[in-house]
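Paired with chain B in one complex and with chain C in the other, chain A is shared by the two complexes that follow.
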Partner chain A sequence: MPKLKINGKDVEVPAGATIIQAYKASGQDICHYCWHPGLSVAGVCRLCMVQVEGIPKLQIACNTEAKDGMVVNNNSEMVKETVKWGLDFHLINHPLDCPICDQAGECGLQDQYMQFGAYDPEMAEQKVKKSKVVDLGPTVVLDSERCILCSRCTRFCDEVTKTSELGIFNRGDHSEIGIVEGKPLNNNYTLNTVDICPVGALTSKDFRFRQRVWYLKEADSICPGCSTGCNVKVHYNEEGLWRVKPRVNPDVNGHWMCDVGRNTYKYVNIKNRLLAGKVGRRDSWMEMSPNDATRTAGMRLKDVVDKHGPESVALVLTGQYTNEEYKDLLVYFVTGLKLKNIFHWVNNPEKLNDFDGLLFRGDRNPNTKGLEAALKLAGSKGRWEDLQAGLNGKKIKAVVVAGPEDQSVYPDMNEKVALFAQADNLVWFTACPSDALNGSGAETWQIPVKTHAEKAGTFTNFQGKEQKFPLATTIVPQALTLSEAAEVLAGKELNWALRPKSLGGAKNNYATTERGAL
Partner chain B sequence: MSLVKRPSPAAQWYLPGILAGMWFTLKKMIYNIFNQKKMVTLNYPEEKYEYSPRFKGNHVLTVKKDGSIRCTACMLCATNCPAQCIKITAAEHDDPTVEKYPIAYEIDVLRCVYCGFCEEACPVDAIRMGPEWQTAGLAGSKFTYDIQQLAYRPQLKGGVQSVLDDQERHKKGI
Partner chain C sequence: MFTLSAEGQELVKKELTRYETPYSAIIPALYRVQKENGWVPEDAVLHLSQLMNLPASHINEVLHFYTMFNKKPVGKLHIQVCTNVSCAMNGGRELADALCKRFNVKYDEVSADRKITISRVECLGSCDTAPMMQVNDRYLENLTPELAIKKITEMGG
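So, the complex of A and B:
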């Protein structure tokens, strides 16, 4: 374990670590572009210059191993000058079109210039013009002029996805990132290149030009896309969620996440959501508040249990809710209604154990493990055949379903609605509207519930690791969580004053569009 | 606590004060009748005041040489606007040299405080504060100016051209 002095501060780093890692460990600032903790060392940007006592020339911190007793600094005049003019070299051909660049506000060039550069440019030469909008594939756009050739993106494709789509072409100041013809950047991890690009050269087609980043707030969350449970940040504002980015967790996802997971913000937004409770059946629906819909559903369930006994009600759960919600719901159904018919709806049993070798798993539910544990605790041994037999034999009079939050990963939605609708009563908790549900033949309660971004809770991932996440924002304030629904089903009142409100705020210039006659 | 201020005994003699005021008005009226040239008031709306060219009136979105809108939808004006009355929706332009442009640009001029921060923020001379200030309307919605109104209203006679041209700048190697 080498011990060294960094800008006068003692640090101890694991053997084999580089000086830049010692800087990061000691929490000191160091300028760098090409080094990324999740990639190999390239040493091409030459900005991480440090002075090591006993070595006459400056060294790059990212490629110099930290040795015991080293005395390193990056605040001497010599280092500062070198870094400053190094930055000037990076900006020689940079177009400086920050106003239309999506990266502005979170850009490495802007930050490092303000922190380490802050010089008056001395280049009088013409800039080399390159292509501005290069289509690299279905998800990523390249602006060659902005690229500083740090090679992070090519290293990512070589080392992490091992697909090597990207490369550096041409020489000197005509060097450009590019793809080989006929082989676009098209894998399930492409958008990580956008994240690690320190400038705005790589931008995401999905997010491009839709928001300036300074209008976005961020909150920690867990990706609900599959059972890996990557740690993510969701970026949102008053209008809803705009993008998902990975958060570092070496035990689960490292620095990355997949492109499928990045799309999970879409169904959370208000235009894709079920906003009011709906009660009725095919062609005749009555809208009511989620609270009222749940209360009437609760009364009906009690009636059914009183008349036909607890065997006449079945509870079907999907692995898309939090551990806390399963617990609260099961407490009501198992101890309150004395239910024994509890079933686990598995959407794609044949793909459950698929794995792409990196992150993405075939089990497209974030909390299958958590549901299994909750069911075990509740003593449920519901087998799917029993449910089917009960429904066919008309023994089951009511089915309560905690349906999928993300319906696109449940291809058997239609089939299952038709199956459950054989019962007389169907209570379905769903975040998004569904055509299948609107065509249900049973007397149906569609009750809007909150999505993962709108509640705090815990998901248990495929490793059995419990990952807590906080409430990020509230999109549909009137929707219930399953825990709240369990209370309302039991006939209790919710404390409306304590429930989270939706954001709303001045940034939303609704007044400009909605004001009528004076 | 509330403070009650009683009129002083002197103030109860208001009639002399009123008469003095009326005498002053009469004096000024007679003076103005005989010195009409020196009068400081204007007979609006027949006469109009010439403001200085720096006057900050209704916004103008400038146009490029080809008549298309200059704005690049960078949203710096919207970010800078203290009244938060600018709403821009950006989109990708078919022409790769343009890249980003606004498909909607709206200013709620009833919320605008005419501070001119938007014109200060604009990096490409795409928004200016024009000389117009007489704007009347009957409905609140009339005061949400869109691109059509901001760039191509009849008074502008086809649009005001921006001084910054990207093509020329690129030729200079900027």
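So, the complex of A and C:
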């Protein structure tokens, strides 16, 4: 393991590491654009200049291997001057349209210029004009003028997705990122190119012009889109969630996440949510608070158990909730109501083991493994045939369902509602309203629950890795978590003082439904 | 969609085996397209992409990097007049203007009879014989406007 001195600080790096990696390891700043830890080395931006003792000319840190005994610095006048001019050259043709640029606030060019720039540019040349709106595909827009040709996006498409949609066409200051006509940038990972673009050249159609990034807060979370459980950050304000971005975790998702996962903010927002409890059946519904709805449902369940015994109630769980919630809910149903009929609703069994080779898995539940473990612990042997037989034979009088948060990944929703509604009573916990449920013929309780962003908890991903996540924000304050619901079902009062408050009047986020177009 | 002739496809396949990386075969492949078609149409890139099993974007990168590939139709005689230093000092630019006037065509456009396209280009490496021009594959050197017009007419312009 080579040991070297970086700006006077001793650093030890793994063999084969480059100087820029040593800089990152030592926690010191170094100006760079084209280098990205998840991609190959291009060495095109020429900004990560360092002075290595014994080498007369400056070297680029990203493509120079760190060797034992090297003495490196990037704070000498020579380096500073070079980087300053390098940045100025990058800005020759870069438009100064930061006020209308979506990247402003999280822009590499802005940040680095503030830190390393010349401040008094001497470039008097006319800027080369290029196209400002190039439609690259269904998700990404290109502003050619802003592009500094770092080639991160083309390398991403070559190396990570291996789809090679993007290329750099033409030469010199005519160079532009582009696609070949008829081959749009259309894969499940396109929005990563927007993340790694250090300037505002690539922007997301879904997010652009919607929010200024400095008004958004961010919180760590886990993507609920599939069983991979990518580590993400959700960006939100008082109107709800606005976007999801990946967080680095080499064990799970590396630097990336998929476009499907980025859409998971949508169903969380207030416009798509079930806001009040609904009790009734087809065409006749009564609204009540989620708390009251749960309490009445709990009383009904107790009645059914008292009259017909614990075999007459079935609990159906989906892999969309946290380990903590499963535990609390099962404690009530297994030890409280002595239930044995506990079932695992698998939404698309034929696709369950699909995997696209990168991140996206066919199991569209974040916590299938966690649910399986919880069911095993509870001693459940529920087989789906038993449930069907019990319902057909009218032995099961009540079904309790912890339904999917995101119904779009449950293609069998209508079918299952029809099946469960054969029982006389149906208690359904759901985050989003469902047309299928509104047509239920059984006496039905629809009880709004919290989404992953509104509660702290743990998901167990496909590897069996338990990943904790904190509460990000509260969008529907009256909704319950399954843990709270279990308490209310058992007839306990919730501790209102501990209930999360909304972060300030959650408004209808108009953009939730109107986004995704150019 | 543009497709290469059977021989052309054969040649491209052979080129693919000649180099360490298949990417090196892109230039000969594009030249073959230009030879068969006079210029390289957009969809030829998709054709080559299938034929060579390479991403279309990377073929397009090569095509657009080099000005020697014609991205628009050219006349039967593509006349490239050098206007770099030596030729310019010896009347290359005037020569090019005179040709445009004589054949009634603007730079980089195709004449009405589809016979002629005139371009101004950078150094063709024949500075000792300035001014000079390249007509398709042929160098014509030590020119005057009159001489150039005469030669072009002889070649069928």
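Descriptive notes on the structure:
Quick note on the criterion: the second predicted complex is superposed on the first by the 503 of 518 C-alpha atoms of A that agree within 3 Å, B and C clash if a C-alpha of one lies under 4 Å from a C-alpha of the other, contacts with A are read in each partner's own complex, and residues count from 1 in each chain.
To be clear about the criterion, a residue touches a chain if its C-beta (ideal position, glycine included) is under 8 Å from a C-beta of that chain, and two chains touch if they have at least 3 such contacts.
Small disclaimer: the values here were computed from a predicted structure and weren't measured.
Shared-chain residue A:282: touches no atom of chain B or chain C. In the superposition on chain A, A:208 makes contact with chain B only, not with chain C. In the superposed model, A:99 makes contact with chain B only, not with chain C. In the superposition on chain A, contact of A:67 is made with neither chain B nor chain C.
In the superposed pair of complexes, A:181 makes contact with chain C only, with no contact to chain B.
When both complexes are overlaid on chain A, the residue A:381 reaches neither chain B nor chain C. By the touch criterion defined above, A:164 reaches chain C but does not reach chain B. With both structures placed on the common chain, the touch criterion links A:127 to chain B but leaves chain C unconnected.
Judged by the number of chain A residues each one touches, B leads among chain B and chain C. After overlaying the two complexes on the shared chain, residue contacts for A:338 are found with neither chain B nor chain C. On chain A, the surface touched by chain B in one complex and the surface touched by chain C in the other have no residue in common. Residue ranges on chain B touching chain A, taken from their complex, read 72-76, 79, 84-87, 90-92, 96-97, 99-100, 106-108, 110-111, 123-124, 138-141, 144, 170, 172-174. Here chain C touches chain A in the complex through residues 42, 45-46, 49, 55-61, 64-65, going by the rule given at the top. Across the complex, chain A meets chain B through its residues 99-100, 125-127, 129, 131-133, 208-210, 212, 214, 506-507, 509, 511-513, 515-518. Chain contact summary for the complex, chain A toward chain C: residues 154, 157-158, 163-171, 178-183.
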